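Once you scroll down, you'll see the structures, which are given as structure tokens.
Two complexes follow with subunit A in common, the first pairing it with subunit B and the second with subunit C.
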Partner chain A sequence: MSARFIRVGAFGDAGTWLVAGAAAACLAAMLALLIVLGGAGAAPFWPSPIVEVQTRDGRVLLGEIVSRSDDAIALRTSEIDRIGTGYVRVAPKQFIDSTNPDDAFVIALTDGRRVFGRGDAAAADARLHEMSGADADEILWPNAVGFFARSGIFLRHVSRFLGASSTAAPLGGGVLPALAGTVTLVLLMSVIVMPFGIATAAYLHERRGAAAGLVRSAIGNLAGVPSIVYGVLGLGLFVHGLGADIDRWFYSDRLPVPTFGSGGLLWAALTLALLTLPVVVVSVEEGLARIPAGLRAGSLALGATRGETLWRLMLPAARPALLTGLILAIARAAGAVAPLMLVGVVKLAPALPIDGEFPYLHPSRQFMHLGFAVYDAALASPDAVRGVPRAYACALLLIVVVVALNLTAIVLRNRLRARYRALES
Partner chain B sequence: MLTSLSDAASAQTPSSALTGVEIALETRALSLWYGKRRALEEVSFGLPARRITALVGPSGSGKSSLLRCLNRLNDEIEDCRVEGKVLVGDTDAYAKDTVVHELRRRVGMVFQRPNPFPLSIYENVAYGLRLQGLRKRRELDECVEAALKAASLWDEVATRLDDSALELAFGQQQRLVVARAIAVEPEILLMDEPASALDPAATLRFEELLHELAQRYSVLLVTHNMQQAARVADYTAFLHQGRLVEFGDTDSLFTNPRERQTEDYITGRYG
Partner chain C sequence: MPANPVTYTAFLNADEVRAVAVGRRRRERAGAFVVGGGTAVVLVALLVIPLFLIHSLLPWTGLAAGTWQRLGVLFAGSVKAAVAALVVAVPIGLATAIFTAHFGAPRLRAFIKPALEILEAIPTVVLGLVAAATLAPWLKTNLATLLLAVIAVPAALMAGGLFFGAKLRRRETWLPLWLLPLLLVVVAAIVAAFARSDQPVIAATTPWNAVLIGLALGLAAVPLVFSIAEDALTLIPSTHTQAALALGATRWQALTSMVLPAAASGLVAAVVLGASRCIGETMIVLMASGNTPLFDVNPLTGLRSISAELAIGLPEAAPPGQSYRVLLLAALVLFALTFVLNFLAERVRATLRRQAGTAAHGL
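Right after this comes the complex of A and B.
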């Protein structure tokens, strides 16, 4: 198909190079994105060496080097009081010498602080006792171990990041709750948006005229509305409107504590469904329009009503387009964070929106979200130096989730396409 | 204008050609407008039961439009208006209380290009049956087999009923849609140039099939091909610029046309 457009010749060659160059640039940009996210996101999981720096004014600093430039060396030393208080700058003229002592250890506390020291396990215990009331997550002697042991530590850190541990820590712990929240939200959104989108597209395809034109232009306008506006709409319409009504009718015994009257998974999913509706409608309608008119006439001529034709013939034949709509909707929904901040996403949710307890899915619960975790880590972290790499890691994970969801849909679509290929030729 | 009226009047007496013949479908002064354009002008004729009637005429003469009036497929076209009557048996097709999809079941249609659904061969034929509410697998099997046999396709597809219908050859696809149409036991079969997209061998096969179908169904066959009309049709109607110029049994229409226009057309002076 595409080969037909590429002709040999002066302009054709230039065109070919242009097209190939553009495609290569896209690929390179995508690759660069993944490398940046992966590199910057993975760095903090790797155990960095502990240095001991001696200065001219007689200080001996134990910690990790955060950055090194011509006018200063930044060190992260023990955080005695709270996170983010251990940073020290050493000017070059103060700097005498630095060593990597083998017996240097770092204690990661459950509240996210890191404390450095030197000595054996007993010394580390003693150091831990100085931090009254704090528990240790792990104690490492990174200078003493080799590459493979460090790799093991790296993997342990990664799996801890992907898990659900110490979520309450100020820096945030495992992102599993955010991952679960994101996937649950996107799936619930898909379940809501697909029937509405398909029904609207079917209406637009079957009806022409002023009313359908009005609906079509309204949907076109919806596609152009900034996503934060959907957040406000969801807050006003769903949370404060519908949710407050549901609370009054069904949960009046719990008032004034809101059940559905505050942001939650259901309202966020509905808001995202509104946001993605135009995408689904447009692609499904295009899919329906691409079905040869003869098929529809053939079905009608057999005595099928319009509804039967749509249900038994048109929609099954348009399944690839349905999945295309779903793919686009997932991509748009997974990336929308702004509206969620108004309708139920939180930094720390007490419980997952989906668990083993009946009814398994809890639509009124607040939830965590990877997109919000990116925002939170990058801009609202108590320690920016450690927050930004965490934002990169969360962003990478978000991309992986979107790609995984999309790949599932794409594989499904390609299998369907193979079935209908003969139809489109 | 006067002459055209008298032409129409002469064509309005189909009974002369059809004395004593059972009529399956009848139109009375049927007119059709697409917006302001008049596509059919007071067409009146009777379709003989269990015979093949060919509908011939130059391109744009309204043959397909007439066909689509008979099963009300023109309803799907915007700005389309019908006047006059279409009687299918005793049913007035355009009466207010006529159920359109019920009418379309009784008046089957085969299109110019084969339009098998993107389903299996079996499901294509079963499509109309399932619409009728037939659910039992055994009954479906029997009906599908009978329809495929009647369309003389059974021997070719019996072993691969679950294959996609889109994999069939063109001629096979056209016989498949015939099987699909007759599976629901219509009274009338409308065929819109069904053989025009087929190669000569497939065309010959299709014409044989038409003869067999005419034992049970009343066939109205639109065709561009004069030889085909002469070969297969018992009756022939000549349509020109939306008017039914002449209608009679094929032999006399071809050998001894009453109208000058008919003679010009069948001798190839235009069309």
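Right after this comes the complex of A and C.
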């Protein structure tokens, strides 16, 4: 009897460990993801050491190690003619020795090429002079400097990545336009989505019955519609439908060049507003529902109408919930890339969607986006050795923005709950 | 007018009182109109998607020969990606939810839930990047390592439970944190043991295959499956568990005999919603599946899904053309599929919530 009891309990323990292990695996996967992203996202800015490799066929190669595997060592040596021409693979049996000479320098040219050499500043100048038609962005002696100097270079690279505008050179320049495009887009989206989201949440909170049930299930289903379908809707209805009509009515002098009839900021913002509507409704409604019923009843009992109660009592009390909804919507919108690919995101926009020229915000302009920059750099560029690190850098920036927004939302929500628990007791 | 709407000062005469009342009523109507109008927009937004798609497919002129076969292949690709993802997401998502809701300490729950919300917030383009640029090259030579880990890790966990479970039963509320280092050691040992093998034991024809999609898309679907399942499990009144424990059941027995049967429909809803999410997901599939339109069930080959086809094809397709119509038809198929799945899952969840409500009132 007792032996049987132990066996049954032990089986349960095995099951418990299994489900606990799954939870641990979940956390481990997340940790691994964050570590990979943090490492690979920061690596492109760290000055990599320059190696000098001697091979059996008598070559001496100066460059940066790009990858190292059992099959070969891949080096990026000087790109004399064009960007992306300096890659050399050294098979293990060709490899003799590699050193990190202290006087090795790297010149980053403004067109994106990297040229290596050895010597002092005069030698670097001479090397630069050989590269006719290009200016130096920076000249570094990474092997000679210590950790702190490297950190300084790292920070300089980061600030340039964040602050500089994109260049025509493939995968060159900073992400400022993409960042500006993303921010403008989500702000415009928020302005559109918040009134509708709040109105719907208020309706759901005030009304019961068949109509409210219908709206509720509509919200649930909208949340489940794949984001790419919103993109199809935005392209077909907004761009090819509304946009083409607007062009025909107001911009007929410019046709056949489309103004609103091609993808642009406004249509992308509208599409994202539809996409994020359920997020706003759900969190605002949750906030309204958490307000103690006594407050609302008290307001009504004192003679305030429903509208006055909503406007002066419920919405102010639910302000953190409104903020939570806004933040979650922004986080969702900042990470949505698939619908944008159909409604106006481009890899290189000629002008920012927001600038100093009247009317300051240009809703018909195409724009750049951080998430699309990730996709574009990772897959659409021919130079994978440059593209993937750049994609990781953009991804890290995107993650930092989105995770910071979400953490803020979570903290706000917890505070809100604590406050209402205090109100009720 | 006074700032406070419910304060009347005594020296207002009847006309002024009436004016105030009329104004308030007018504002009230306007407010109701705004709220109702805003809500109507939401309803229209849901209706406009299928109506627009159907409208732009009309008048129906038929499709070129072979279109249905092509759509069938895309459909199969979407289903293959979703199945691969669910193989990963369902066990991990459900098990994490079960542990969090039934075994975990409240403080652990307060940590795991936001952590998974953060995971859910990670843009899928980033997961696609990690899958395509980092996981794919590793997986190319390490499929056997992955297979071994999938077998060895659960086996090790169950063995650990059999031998040490009874001693640690009092500490099981924090078990995942105890197991985390153990898990990392086991996985690191397996990975290191196979890292130097030159020839892959299992050779896939392409590094961008359904296994890779399963891992990346599965990780993206875990938070959704988790949150729905955890929701369903916490709706089961804790008195169920307490009654079972009082009768001498272990926590595991209370789980399998009381909680899981009661929450079964909610767990099914979690799986269905996870499937719906996976079928519609675009960026991960676009970046890491190779986008080869194949019709087979082999997990070591690539696929092309409806959503990836839309993302690739639509920017180039012109509105009236045949290819544009085919893509809209594909979008309609995708919408209908996810709509049905969502609808079923939401019905199940609503029923469960109502039952929980009556159960709570009955006590």
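As a working rule, the second predicted complex is superposed on the first by the 306 of 425 C-alpha atoms of A that agree within 3 Å, B and C clash if a C-alpha of one lies under 4 Å from a C-alpha of the other, contacts with A are read in each partner's own complex, and residues count from 1 in each chain.
Heads up, the rule we're going with is that contacts are C-beta pairs under 8 Å (C-beta built on N, C-alpha and C of every residue); 3 or more make two chains touch, one makes a residue touch a chain.
Here the structure is a predicted model, which is why all the values come from computation and not from measurement.
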| item | value |
| --- | --- |
| Subunit B versus subunit C as contact partner of A:Leu295, first or second or both or neither | first |
| Contacts of A:Ala380 with subunit B and subunit C, given as first, second, both or neither | neither |
| Partner chain(s) touched by A:Ala123 [first = subunit B, second = subunit C, both, neither] | neither |
| Subunit B or subunit C, by number of subunit A residues touched | C |
| Partner chain in contact with A:Arg312 - subunit B first, subunit C second, else both or neither | both |
| First (subunit B), second (subunit C), both or neither touched by A:Val60 | neither |
| Which superposed partner A:Arg208 touches (first subunit B, second subunit C, both, neither) | first |
| Contacts of A:Ile410 with subunit B and subunit C, given as first, second, both or neither | second |
| Contacts of A:Ala218 with subunit B and subunit C, given as first, second, both or neither | second |
| Shared subunit A contacts, counted only where both subunit B and subunit C touch the same residue | 302-305, 308, 312 |
| Contacting residues of subunit A [partner subunit C, same complex] | 6, 8-30, 33, 36-37, 40, 70, 195-196, 198-200, 202-204, 206, 214-215, 217-233, 235-237, 240, 274, 277, 281, 302-308, 310-312, 331-332, 334-338, 341-342, 371-372, 374-375, 378-379, 388, 391-392, 395, 398-399, 402-403, 405-407, 410 |
| Subunit A contact footprint on subunit B (complex, rising order) | 71, 73, 76, 78, 101-102, 104-105, 108-109, 111, 113, 115, 117-118, 127-128, 130-132, 164, 166-167, 177, 180-181, 184 |
| In the complex with subunit B, residue positions of subunit A that touch it | 208, 292, 294-295, 297-305, 308, 312-313, 316-317, 419-420, 422-423 |
| Of all residues in subunit C, those that touch subunit A in their complex | 5-6, 24-25, 27-28, 31-32, 34-39, 41-43, 45-46, 48-49, 52-53, 56, 91-92, 95-96, 98-100, 103-104, 112, 114-119, 121-130, 132-134, 153-154, 157-162, 165-166, 169, 172, 175-177, 179-180, 183-184, 187, 196, 198, 219, 222, 226, 250-253, 256, 273, 276-277, 279-283, 286-287, 307, 310-311, 314-315, 319, 327-328, 331, 334-335, 338-339, 341-343, 346 |
